[in-house]
């Protein structure tokens, strides 16, 4: 469903040229949830934007659902892929009501039965009808993210891109949103590409994972191997160690030591 | 918290503060009402609103309030001080100054209105286009803006008067043409910030045209700061119009334009101070009112969460 | 060899003045901090950030604060004058915030900011302050302190910026450090390094630490005791090592809804908020410090 071949995204030119993404290649099959994990500056978000058609490729090409796509896309190509952003506040126009936010994509794509689709979208993401004519500042972070998800789904895309969708949310809200995303992905047979710095979230959601560092994919592995700690690349291992340590000591059994210590 | 719809609201106040608006118009009115309540809390801003409302009422109901014609000359009653018969006295041609002030509010309002409808759209249009498209287009538009910004207003007005003849319309034109550049700059700066927001990216991903993005998303977000700026500038605009009137370039006699009244009352300033001073006070009060309103609006429009 | 708790908070109540009446942020919070690390964990709206600001009396004038006791050793923080508080802030209690981008002055070099922090509280000369600042930069494991001294905040990375913050906050040798989400803006590997650093400095100086965070993993792995905050009240207070034995359903719910790397769960258990938690009596345990 998603094929990325030798994609390179660069900023600036001449001596100031920075390659945020360097010759990255990977594939995601239909219905799969593919994860991109790495720390800040590794290029995962930039890569996501390239797939979204928001950042131009300097080299390489991207194929979605069998069609090669560039930076300028037709309306149909736009309908194919939608994105959910990290900041639930910044991804909704504060001067638009939720109703407007959800009906706009339908209007742009020229779809009919706007009212019915909007109500259906509300039900799908578990938002109460009383929010329909509210403004974003009247909603909580979790509710806003639900609106963002509803907006992404309302034009029936086949690919959903997720840029750290739960990083800005509380732990309990994150659990709800992650469950919602999984459910929706299954219900609609969506192919999802998820970016996060949180290894646990990626491991929960994705079936295959690519680890990025400084613009390149340093390792690709299935989630089972990640869970077992069988990482080949030292960077992946470093990420795993840093993440696991916190989780393990967080749920330490009582026969552990009484005062926590940080291992190096 | 129960989620079923709240019981039918009893008063307008309730309806406007409804937690869960039932329609688009209700939602919009709710927001306006919330803004209004926020404004009400600021006593200075409320004073500004009162002043401006008074101006508008004066203009609309001029004939009822004034009681006399602003043009009726009675040369036997020249330069009479304020009295029960003439609240603000009479001017050098025996005209009732109170009536002239009241009718003069129409001219002031006309000037404000005309300038606004030129400056706001032109400024926002140029600013948003320049900010959104960037590149050469932006550079081109901004240089045009710079050119207009470089013209001093008074000199432009003189030039227009010389070319087209004096009059209110030409004065307004002169003011508008030199007043729009700051708004373009403001709109452009806002656009450049908003352009990078995630919701703009989301809209682009949906396949929205640039026009839709600018009109539906960017302009509503630029409006608050542009309106605040305009309200604060209003004082300056009124003063410039008065200044032009004073120089004889704007309204022409016998129009009861306040600046013109100050000008013609100049010669009598020492002995019959009211002829020039009272229109001067009127100018001051209206300018002040707009300033207060502008300050209040700026506090209200603090964008929620941007 | 503790001489009694470092910080005593008893029945702290804070409300912000809102448009339609007071909005409660803390509703009767009581806890004690010794020369140990206490973590306060809560979600947004729990009031956790308010605690840090209240201890330092940095709330806006319009906020309503009341407490039966709020003391740093023998000093009553509630009764202290603003002048007295100014000498306490930084000198006896310090606070490190989340994003060094916003808490460091962008137009002054980092070295000078650290030196000024020292000068303000000790009245030392500029040269002495500079020397101490360089020492602190070394203490926070910054290689090449001389070079970093002359850098501006925008020239240093996030992790280094936080180290600078820590240097600045610890140079006056306070007794208590409040860290409000100190690592949330940092990458996970940098987080680990920073925590090791804080750990070392706290231990060496026998300071107390209050770590405020929404990240229960972080708090549990780093602190000695964990205080769980919800809707302005303490739901549970327990040793970090015993977190798995938490008894309050909120704590259990929080722990359960974390995604875990090494375990596959088709669905994450969701936290259902029981409205009775809003009225629960204060469950804090009055344990003394380590």
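Brief remarks follow.
Chains here go by letter, A, B and C, matching the order in which they are written, and residues are numbered from 1 within each.
Following the convention adopted for this analysis, contacts are C-beta pairs under 8 Å (C-beta built on N, C-alpha and C of every residue); 3 or more make two chains touch, one makes a residue touch a chain.
Since we're looking at a predicted model, the values are computed, not measured.
The minimum number of touch steps linking chain B to chain C comes to 2.
Comparing the centres of all chains, each the average of its CA atoms, the largest separation from chain A belongs to B.
Contact analysis places A-C first among chain pairs (by count of C-beta pairs in contact).
The centroid of the Cα atoms in chain A and the matching centroid in chain B are 47 Å apart.
For the pair chain A and chain C, the distance between C-alpha centroids works out to 31 Å. Against chain A, the residues of chain C that register as touching in their complex are 43-44, 158, 187-189, 191-192, 195-196, 199, 214-218, 220-224, 239-245, 253-255, 257-271, 290.
Residue ranges of chain B in contact with chain A, taken from their complex: 3, 5, 19-24, 26-27, 31, 197-199, 201-208, 212, 216-217, 220-221, 303-306. Within the complex formed with chain B, the residues of chain A that make contact are 49, 52-54, 73, 75, 78-79, 81-83, 85-87, 89-97, 99-100, 104-105, 108-109, 128, 130-137, 148, 151-152, 155. Per the touch definition, chain A reaches chain C in the complex via residues 39-40, 141, 170-176, 178-179, 182, 197-201, 203-204, 223, 226-229, 238-240, 242-254, 256-260, 262, 264.
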